[in-house]
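Residue numbering begins at 1 within each chain, and the chains themselves are lettered A, B, C, D and E in the order written.
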């Protein structure tokens, strides 16, 4: 099949010589240091090593700065761009520029519904609200009726979508709480404060592994009966899942959202392959529960889950 | 007699130039440029320049306004989030309430002026430090941005400005591009140059400028000399608000969507750019051109690290080192200049 | 004669108390407490108090140190991220290199002291504003935290301190709890009280305190009076670093894991608490008790909104309004006090 | 033309001034004399609109006036040299000089500070006071104490249209410069301005003063016309003269001084 | 005991002082005289360790000394009253007074500022200068100009062990207080201290000075022993006396003054 998107013909016309290592830019909507996106980065870099290409990972939560990073990649004439589109409208122009310059674009994680329209060759992963919905459904199955969704960065689109998805999936009441991920003592006491003042809350959904640990402490300290679930993994979270302190952790297998686009871009470059035929390639949602925690533990420790 | 005062060491004309506060910043900028130009060919190419001038321009507009305010002895922490507020107002009014983009922008300008006025009024009336007052408005605006956006749209971002009436025209004026040297530059660059020139003129060549320096240098002494200190300060806060509105509109028109958290955290970047450009935190000293150059230094370091392809994990490390070195270069030049004259 | 000077209006002993700078902050704190106590029964219960005192205590330790530094006329933006750095060093050394927790803490203390010393040295030697210098170290440390953690562990956080040698003992001293009034309080509360008392004693009753006020009030005049201004400032930066180490250790021991980005953004919260507590941003004025109370006001407002169950989207709005009102109350009381005496 | 009746001022618990009355007339110099801390500067600050009096009346040309800022007073042609609120240290000499009353050129949005004129005027005014400043761009804070004071005086003289208020104007000045200032004051008086002068130097006060207001510990000890007091009385009222003479003898040990280095 | 040889100081392009030599001897008062901007304060700041000279030598008891801060000079018993670097406005009077030389009580970690003693000493020292301060807790910035200056002088006198340097100490003082300061200087001299005094008042300079250093536009016009100069010569050198007398006649219009308000 031919490449999707308007500008797809050009790279085919002049495939770069195999001797020269390709450079791909991965540009996400999260600043460095974010636990989830760090695994994406690890995946992309591992794939780069495997295929002998260069990956330049950048990320910024501000769509303006994210689009500037795309512009920069275009100026540098990279051989492919991987971009997560939390705010597709804002990235439309920059992605369009990349496509017009004949650079293959793959979207990951969010923005799957606009991916084709913008001329990307494929989309990998699913949006945050699908993952959120999965978590909500699973919590409903556990009998949770009133859920506290802990947002650790006010106004972050991805986190908002996760909470909204959870609302849809749960069907019950979902309340939001804002905490600061840079100050876990504060996060603990805020979650605790909420649980103390509203005893009808019977579920807590953390959106970050560090916040999950804080929430676990808050539930224990406050003597609450609330069940806890979280997004994403860390060694502490996996241990807590194993010990039954955390019900489950939503695992989008985001490692794949880093690995696969590099694989696809390499294949596209060398062989003009496209995957999915315009439909997104799903990487999850997977769940880490008590049953599989033991196996995942090691992997989370090394930053690939 | 003064022309050949025996108490003055000789000073050449070229050396006299050195004493301008901007020149220190200029040297810092040249150093940063030279460094990254040697690291990356794209950085020094015309596309690369257009790339890093783009963020530098919006940052620069704000840095210049903040520099005026800082010279006047005050801070504004709410300026960053106000760019988001104005953008949100424009987009919501133009997309949900069917106003034309121009009308929506007028309304958001009025809102910005009101915020600036209130900031200024509270500062001069209560005598609280502006750091605290504008921190209060910063937090409150942040809450309003999120709360109102959520209430009206159910999400934390609004978009769809592209379809609004008057969009194309407004975009061309504020967020378009113009070709130069074979690539496209953002018109924001022109706005930035214009704002810098205007601010410099006001500071150096008008009454208002003299009064800004005075209220920042010593507000009590300025009042004693007959300067209307309260009015000057309120006007400065309103100027900052207008700059925030301008930047907010530029960004909203360019990205056609605004997030509820946009602009948060930028307030310090503005201050940083102004300080790199030679403004004193304690007020009474600084220059608009310096702040504009400070924005360029920040923009170059920020984008240069990406162009150089350094590991994103170490990004802030390099950024910090760059800023420190640029400010040091600035300081060394300034010292040398002071040796030469004065 | 002075006892009954006709040029002094009478002042009662009770009224004289009012002039202490802390009393304004105290009134702000009481107002915020009363407000939230009326909104939420849990807030005023002993469990509630233990809850909001917990973050207030770590914040308070830092706010007091930052207050000393601000009285001495300087800022430290790197203090927040330094809490993360020290925590990371301790955890990495104790878990990856098999050091005992105590030894690891000693090493991280040494690292903190070094950072503080360098901050101070660069500030006094180059004459650059500390805002810029510590911004540089802030960014650089942030990069180091992330870069080194990633390089050593492949992830953005390190954990597993629970298994390290000496963990239980260190935890009991720094991160344990003690029962009081039927609930458990964090020992950090005691550390906070201790730090506040020590800092107050130093400020009010020692040579060093006198010199801190002087270098912040007017560094040139202080130098002229024979104050070793450089040494005083470097010592202040090192004090801040020690406080950051203390808080970093408390948090690391408590959560047994540290994220590479922990502490970022806290630097301004510290400054805010100090300013709410009555410190001047320009230096030379303030009190340690005030800063400690400022931390409580911030902590109460921050938690009280959650206890009151207000809409999370509007959280920062309420927070901003609370801070503004608390500072205003503080200011009004101070004005009244100044009417009464002086 | 300017009169205060029974004004008082309290700073918190400190009563700085109580029940003081005086007036300033066209073509007259009113000297305010008194010990340190007597409240002279406080009185001046009330006259110049810097402080609002807590009690008493302020009359301008017979009508009650309530200045809310020094700006109001300046607009009435009252120019002041303050003792401690001199100038903005970081600003250049010429900017300081014209602060608050900048000369402008052009109109509308093109109205601008007439920099060339400002610099010229400053240089001339200072030179005619016997201060030869090197560079009017020098920041105010780097001038010597006397130079700073001279700028403040030159400024007030330049802008004082009806009343000139001078708080210890000659304290940091050399003998020559002080003489020039006294001559300035005389000229201003002769042009019909009202002048208020604070000084601790009876040698300055007597020759030029027409009316002497004596303050002590915040209250008035009375006001004397020149006819009502001799130079000797005034000097002794200021605790000066005689005491100084005695002191001179006391200090004059008549020892042979050390070697001189010419 | 203290000597400078051919010192010079340049601030950027401004040459403030060039080739000035002088010395300060035990039990002698050296008066530094000169116009505004002559470089007197700059010389003093070099003597007190505030500025390092750009050229020339600084000898202390005959041996070359290089002070890097005023602290070094203070440790040698040299105390200074600066003209413009007075005090910390936000700090209380007693804290300012003892700044840099705080009296302590106790030892080791319990060594603390002896607050009670500090307050007592300040009150006493000021009272003996004729300044009756209301409240030693008052912030320095709210004192009157003369009160501030008195605190600075009292401080220097209290801590000056060998050399006392005073830059226009009496400029803001009342006649009485100025007299007290002159008597202090005489006492210090008699106790064997070396004193450097800057003043613009020949009536103060002549009675107390043993040696007169004349500066003009940054250079020395020569140094005179008391034997080498009469009061009249000195006064006319300071461009004073005669000129002032002439001025007095010029100003004295002999008009009937306005009505007095007793």
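Rule of thumb we're sticking to: contacts are C-beta pairs under 8 Å (C-beta built on N, C-alpha and C of every residue); 3 or more make two chains touch, one makes a residue touch a chain.
Remember, it's a predicted structure, so these values are computed and weren't measured experimentally.
Separation of chain C from chain E in touch steps, taking the shortest path, is 1. Using the mean of the Cα atoms as each chain's centre, the chain most removed from chain D is A.
Interface chain B/chain C: over half of the residue numbers present appear on both copies, so the contact uses mostly the same residues.
Here the CA centre of chain A is 33 Å from the CA centre of chain B.
Averaged C-alpha coordinates put the centre of chain A at 35 Å from the centre of chain C. Separation between the centroids of chain A and chain E, computed from CA atoms only, is 72 Å. Chain centres here are Cα averages; for chain B and chain E they lie 47 Å apart. With touch defined as above, residues shared between interfaces to two or more other chains in chain A number as follows: 32-33, 154. Listed for chain B are residues 7-8, 142, 146, 280, 313, 315, 342, each touching two or more other chains.
Contacts with at least two other chains are made by residues 11, 14, 132-135, 138, 142 of chain D.
Contacts from chain C toward chain B in the complex involve residues 122, 126-129, 131-133, 135-144, 146-147, 150, 268, 271-272, 275-276, 280-282, 311, 313-321, 323-324, 327-328, 331.
Chain C contributes residues 40, 42-43, 47-48, 51-52, 54-55, 58-59, 80, 146, 150, 153-157, 159-160, 184, 251, 254-257, 259-266, 269, 302-303, 306-309, 312-313, 315-316 to its touches with chain A in the complex.
Considering their complex, residues 11, 14, 21-23, 25, 28, 34-37, 40-41, 83-84, 130-131, 134-135, 138, 142-147, 150, 168, 171-179, 182-183, 186, 200-203, 206-208, 210-211, 222-228, 238-240, 243-244, 247-248, 250-252, 255-262 of chain E touch chain D. Those residues of chain B that touch chain D in the complex are listed here as 1-2, 5, 7-8, 201, 205-207, 209-211, 213-214, 217-218, 220-228, 280, 284-285, 342. Across the interface of their complex, chain C is touched by residues 48, 50, 69-71, 74, 80, 82, 85-91, 95-96, 98-102, 104, 111-113, 115, 123, 132-135, 137-139, 142 of chain E.
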